[in-house]
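Worksheet for the structure shown next.
As written, the chain order gives the labels A, B, C, D, E and F, with residue 1 at the start of each chain.
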Amino acid sequence: MILRIDRLGVELPPPSDPDPQGAQAVQELMGGRFGEMSTLMNYTFQSFNFRNRQGARPFFDLIANIAAEEYGHIELVAAAINTMLTGATPVDDGRAPDNALEHLKDESINPHHFLNGGQGALPQDSRGAPWTGDYVFSSGDLVEDLTHNYFLETGARNGKLRVYEMCSHPAARALTGYLLVRGGVHQVAYARALEKLTGADLTKLFPSPRISTSKIPECQPHIEKGLHRTLYRFSPKDYQEIVAVWNGPHPETGEDLIVEQGPPEGAPWYDLPPQPAVFAPDYAPEEISEIAQRLRKEAGLPDDPLGEVANPGNGLLGKVKDKLT
Amino acid sequence: MILRIDRLGVELPPPSDPDPQGAQAVQELMGGRFGEMSTLMNYTFQSFNFRNRQGARPFFDLIANIAAEEYGHIELVAAAINTMLTGATPVDDGRAPDNALEHLKDESINPHHFLNGGQGALPQDSRGAPWTGDYVFSSGDLVEDLTHNYFLETGARNGKLRVYEMCSHPAARALTGYLLVRGGVHQVAYARALEKLTGADLTKLFPSPRISTSKIPECQPHIEKGLHRTLYRFSPKDYQEIVAVWNGPHPETGEDLIVEQGPPEGAPWYDLPPQPAVFAPDYAPEEISEIAQRLRKEAGLPDDPLGEVANPGNGLLGKVKDKLT
Amino acid sequence: MILRIDRLGVELPPPSDPDPQGAQAVQELMGGRFGEMSTLMNYTFQSFNFRNRQGARPFFDLIANIAAEEYGHIELVAAAINTMLTGATPVDDGRAPDNALEHLKDESINPHHFLNGGQGALPQDSRGAPWTGDYVFSSGDLVEDLTHNYFLETGARNGKLRVYEMCSHPAARALTGYLLVRGGVHQVAYARALEKLTGADLTKLFPSPRISTSKIPECQPHIEKGLHRTLYRFSPKDYQEIVAVWNGPHPETGEDLIVEQGPPEGAPWYDLPPQPAVFAPDYAPEEISEIAQRLRKEAGLPDDPLGEVANPGNGLLGKVKDKLT
Amino acid sequence: MILRIDRLGVELPPPSDPDPQGAQAVQELMGGRFGEMSTLMNYTFQSFNFRNRQGARPFFDLIANIAAEEYGHIELVAAAINTMLTGATPVDDGRAPDNALEHLKDESINPHHFLNGGQGALPQDSRGAPWTGDYVFSSGDLVEDLTHNYFLETGARNGKLRVYEMCSHPAARALTGYLLVRGGVHQVAYARALEKLTGADLTKLFPSPRISTSKIPECQPHIEKGLHRTLYRFSPKDYQEIVAVWNGPHPETGEDLIVEQGPPEGAPWYDLPPQPAVFAPDYAPEEISEIAQRLRKEAGLPDDPLGEVANPGNGLLGKVKDKLT
Amino acid sequence: MILRIDRLGVELPPPSDPDPQGAQAVQELMGGRFGEMSTLMNYTFQSFNFRNRQGARPFFDLIANIAAEEYGHIELVAAAINTMLTGATPVDDGRAPDNALEHLKDESINPHHFLNGGQGALPQDSRGAPWTGDYVFSSGDLVEDLTHNYFLETGARNGKLRVYEMCSHPAARALTGYLLVRGGVHQVAYARALEKLTGADLTKLFPSPRISTSKIPECQPHIEKGLHRTLYRFSPKDYQEIVAVWNGPHPETGEDLIVEQGPPEGAPWYDLPPQPAVFAPDYAPEEISEIAQRLRKEAGLPDDPLGEVANPGNGLLGKVKDKLT
Amino acid sequence: MILRIDRLGVELPPPSDPDPQGAQAVQELMGGRFGEMSTLMNYTFQSFNFRNRQGARPFFDLIANIAAEEYGHIELVAAAINTMLTGATPVDDGRAPDNALEHLKDESINPHHFLNGGQGALPQDSRGAPWTGDYVFSSGDLVEDLTHNYFLETGARNGKLRVYEMCSHPAARALTGYLLVRGGVHQVAYARALEKLTGADLTKLFPSPRISTSKIPECQPHIEKGLHRTLYRFSPKDYQEIVAVWNGPHPETGEDLIVEQGPPEGAPWYDLPPQPAVFAPDYAPEEISEIAQRLRKEAGLPDDPLGEVANPGNGLLGKVKDKLT
């Protein structure tokens, strides 16, 4: 079971200029073979299928716990894509019937972002090909699963670096800067687990690809906070034995690896404004708000929503419009 | 972000007679179009992509919170499949090289359970076809997404009923008995949300398919505990506005719908025994145990694993053997 | 546009012993690369995309008209599959909750026939792989499209012969006996069209595969009626120029090719009995019948249904039961 | 069986400026999960697989009859795509070898429209992903199938509205204007069927998405003719019991629902000019015309083709050229 | 370019008892994600896409040369599957029309082996799912591609071990015995390449899975001949720089790694007998033989075929029959 | 088995202006249904699965030998794509972290060329859809397989002509000019084989599509050398009986068909320069060169690489830069 927290693992910028072409590219980090859906589901299924857990508890805890962090990563990728798509259609008066989507027709976009979805993230890659369960590797053999995971994180790191190079949109850069640091932690974790289990020394494979994370400006703030050597424990009480694997020096910096007993503080989501041209959340969003407010009252809830967002008072709509005009 | 809890939502029985053919069928509830991967990912993406959250908070909270429960459902399906696969190959002395898998060759199984995976669950359906991101519907339009979700739960209910009819293995029955009750809650929740939003009355569509959950013996214990009218809140602090939608009478029984402020107590997993014929977790599992024990000591962990399982002391291996001989 | 006729192109036998394994095989003729979905959709799209129709009217009419016949062929394949699946679960008292599907678990079936569909045909092949739009070839180049169509019919003929050899169920034999004769007509038609267009003589390729249709006992009645040399015109008024291609001697028998100005007389469908274990059409089918009868009365319809079936009075239910007991 | 009529359900405009990017978008209405291939094949298979037809005849007739109309819808989508693609390559002197397709290389097109097909419609969606049989839902359970169909029509309506917004090409607008009205009829029909069967009132879900069809200018002429409340019967003699479901007031306008005993009058296709750069129908189309004319004579056919088109005398070629120059 | 040699890399046994169920399982080694199609195509594309070849020639040569060997491995897998399928239908008098395939209907087979193919190998896995180009990883980054290749060989080794355990048919055992040894060479080669490039020591990962190849009886003859430490050079003149990577001690045995300047001697194929029930190579194979003999004479070829087979004089047909009766 | 030769079948030009959009289009010739992966794998599997080889040796030899040539064709397509992609990112100082890929974001490219691959060819088509094993047809029936092969080559010819029209990049033109001539040979070969086997005369179908290869300027040099009537024998000693099929007059020119006893001389590959922005072969390619040079020395290899390339001395890097600046 999981408990869900309505916060992102790291702060993302508010929407600014829309970048639907960039959003298409960022989808590779969501639904590509090496995207976050893949890291999430690979480790999740491996943890489900782990036999002899008590006998190999530190390794089970490691995989299960990293799986938990990956959920937060698909969330971050989605938030970045949604931010980049915001404003790609008119934000307030862009109601059908009109040609509110026509300017997108000739662009290099994922057409499903507009024709099928509601300007939101999809479990697809940069080609528009759906993520598939055949991307999951769960052989049961622990050494082999860990070898896979190390390789998967390596491929994921490559993908993040390239999306970084293709997309300079602030949301994409904030995303990749963070994911590179956190994915690097997982890459080290699996290498370390293999070493603990077999004695094989993969230290010299780092960094792979051979550009140090420390060279990426957007990674700096996270490195300065030590996130590159910190494994969070994403559980109220469980997965405590990760300390038996995540210890010793970092292969690149030599600093001590440390376990943080809980998730990062993170940051609230921006409440992204409606995009009525695609009926998200409605052709006439204000009607839903009225109904919701009535229901809230009937249920005895306070006037202001109980959920926290980065932009209380919903001033974002105006900001996006300002930006666009 | 999520916090992961190392417990199942409901107690499943320990492994008994293996049933790999049944495990193939149960995969429909995992990776089929109407399986739990689909409910999980549909609601997860809808929650990620929800615009105007503050204006429609009760609906956002509802979808986001049900998404959180669905994670526990893919976990349960996996646990049931793994239980059914346990013992399908020799549990202790079945080490390659030998013909430990030959008796399965002529059976109606999912060959990937043995040739590709490690006698564990896979994100595939009963045909062996992988789950695909194209099963996710996230139109952004709230009424439409809710309509979809109601339909999805209806299809899911049908699938659970049929797997129930095909598989009498205790793990499959415990699984479907529980999922029918919990899926029924979600079916009602989406119908109720649509009613709150539009006034449409879907009450008379229940039950769909037209067999009452109360007729299923394995559902009885859960109904008696009121699980058919309880929406759990799967979060430390968030998603509190679900109470604005989940209220009023249950469409079939007339009882009050209630919100439980936290997850179910659940039950620990069984620590399923190794299946060395498929190298899960190894050709020589005892070697991993020794290494793990050494690592645990070096990290200052106590002798006994900190993780809880349903069968401490790992007596399961013997039980399965007894059963099989 | 089309007008639909509620009759099958040829008479199929009533359900007898169920044969779900055979139904799995027959799916190849539905959703396989060379199945009837493929012939239907290839010719349909080619007719839609035909440029310069007036300048090449006989060829357009030929392709468009054969496309129309293929609709009747997917219908026949579906009817045969449904017939073979009838009785595979209890026909009257097999209502859930019970283990009404358990005897199928270990069988070599398409699990979707029972877990996903309602014991009915699906657009899948014998592996359970879905038919895909990538099977459609519509190059626009007339010579090339006709070359493709000749090849497609050749592959289709091979598939029919092999399904014939694998399935001796009366419905499968009636189906393949008829389709072999009618597919043979289409194979000749495309060869003839190529000859008319280029002068190339494909006559000596017949029969391909090199077993004459006349050797198949189930084809005999149709050959005797001349169906192997008859092209039906499936339209009230259109596609009259097929006579400009479909003429001359049959390449195998030398008999004159003839055009029939209308569809075959065909035969009504059997009204297949409910299969309540899969809720088809309901868990309690009699309730639907009552509602339908009421609606019919309210609409001023007569007591007996206006639609014709092969088994008026619905005596089939009893027959199937007798057969099974 | 079907009889095919060589007319479109509604008049489409002749080709004007080519719009290959728009044609890519319109493909969503053909091969997308909610496109017309899906509505056609879902209802077709549900009608094939309908058990207890006599007992539930009004519902069988409804589904079977709507399936028949959908065939005309894939035809219309194809005609619109083909119209939009006409002129995208030179219409008369654009013969290979040259670089007649080079101007398309950098455009946001479906490359298969030019490299694989002959500037014609394909069973693919706006991403170029093929339609798949896994889009078909045929559970056998009548209430569930109707619930699906209502949802499917809702998704289809959303898609049509968005394609409308993206594509202002006259053919796309004529297409979506008509399909919105007719799809609306089917949406109402399935809601009504559910109501008749269960008593559930879905009336208040309309319109979904929540923009009224009456706001779309291109829908007006059809609404004025009453097409939004008319169910055509697409059969010479069958499916007469649709009157038992399709009756009562329209949920949005309150007008009476009426059944028309036959198909719409419709309109002939334009005979679209050759596109020799993609060899459609040939590198040298005039050669095919000569051969066809000879064959026609030999068969005793009159000089003028028997098939009717919207542009007799084939003056379209010149028109397209004028437009382009 | 390649030159093809009409010999297998190793001797396989002649057909004996047919084992179509086993053939289904062996398909995993052909078209599975870790099958020989994958190793072939991964290394082939990596060699095609290798930039800066002169600067990294030893690594280019290594990958290109192993790619060449993999062609011989898909050939071996095909030969084994074909051997196992031989005799699954009557070998001489099993001509249609009859029910020559009916005994297979209820078996756990790949239906395409009989309904679509001609009792021959297909690029599919054990589920019948086709091999896909998305299995190819060619990142361009040399360290990453080598990491992938090491992982791929590890997964492949696991698959071979499990197929070994499932299939005791002599052809399957001869196949897996050989492939385990040769795949082991490739696994070492990529580990060694990584070590040369980065210094990382993967030696202690061996063997992975953790059962030594030397424990497999069918591997013994090949190990005794030194095949586990031999890299063949599959080229008349090229890829000579493999010696710069393939040197030093074997990680498991400590013996010297050696390069053989040419392919293995190998062995001829068996000329597998016709299977007329599936028309392979024809319904009446003797007719083809007559035609071929005539063509051979006309071309001045000798009476006996120039091609070498393991069973000259075609005595195999009788053998298979004897075995079967 | 194969021996691999490190030369291309024909000379391609060096990289010049990059054309990533064109590279996307050329992928159709690699991974499309009618691309070279398809011709390679169809003939390869047909040769593997050929039964009664000795009895039909000329036909076996023909298919097996053409399969061997096709390997060289996927190699050529890859080389052309790689050439067109060279320079699409900075060739020397374009190292991450920067926005080296941003100019590509809005272009109509295959995003996997940059985000997933290393500016190299992929087994995908022009849509980015992966090649699939379901494109392989290997029915076992010789007449049918040959009919398929003739059709496949016809579709392939169409594709090459259209890619020719879309891409005027020198590499694309050199590629298509050569492939049209060689594919034409295979088209004739299969037609001829069918004629020899059945007597059917397909001569008049040529050329198909109906534009003569002789009209393509880039085909002229190859026609002048007689490549349109030459079948190479791609084997040291085998497949000699192709002479029994490949003889007589060419259907279009009447010239004698001739067999060349060996592969074409071909030409060396260009050693394409690194693309460090995508880490191909590394972020810092010079480091790999240093390591390789050291390994070469240790192995006693000479200073200059033993492999031959079209640009010894690696002057290409400068050339590309000159071209780009």
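One rule holds in what follows: a residue touches a chain if its C-beta (ideal position, glycine included) is under 8 Å from a C-beta of that chain, and two chains touch if they have at least 3 such contacts.
Predicted, not measured: the structure shown is a model, and the values here were computed from it.
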item	value
More contacts between chains, A-F or A-B	A-B
Approximate Å spacing (C-alpha centroids) for the pair subunit C, subunit D	23
Subunit D-subunit E separation of Cα centroids, rounded to whole Å	48
Averaged-CA centre spacing for the pair subunit F and subunit D, given as whole angstrom	40
Overlap residues in subunit D, where contacts from two or more other chains coincide	33, 107-108, 116, 127-129, 134, 139, 141, 143-144, 158, 209-210, 278-279, 282-283
Arrangement of touching chains [line / ring / star / complete / other]	other
Interchain contacts, given as pairs of chains that touch	A-B, A-D, A-E, A-F, B-C, B-D, B-E, C-D, C-E, C-F, D-F, E-F
Residues of subunit D defined as touching subunit F within the complex	95-102, 104-112, 114-116, 127-129, 277-279, 282-284, 287
Subunit F-touching residues of subunit E, taken from the complex the two chains share	1-9, 31, 37, 41, 44-45, 48-61, 64-65, 67-68, 71-72, 74-75, 78-79, 82, 116-124, 130-134, 136, 138-144, 196-197, 234-241, 243-245, 247, 263-264, 266, 269, 271-275, 278-283, 285-286, 288-289, 291-292, 295-296, 298-299, 301, 305-307, 309, 312, 314
Interfacial residue positions of subunit C with respect to subunit E in the complex	21-22, 24-25, 28, 32-34, 107-108, 126-129, 158-159, 161-168, 209-211, 215-217
Residues of subunit F defined as touching subunit C within the complex	33, 129, 134, 137, 139, 141, 143-144, 147-148, 150-151, 154-155, 158, 194, 198-205, 208-210
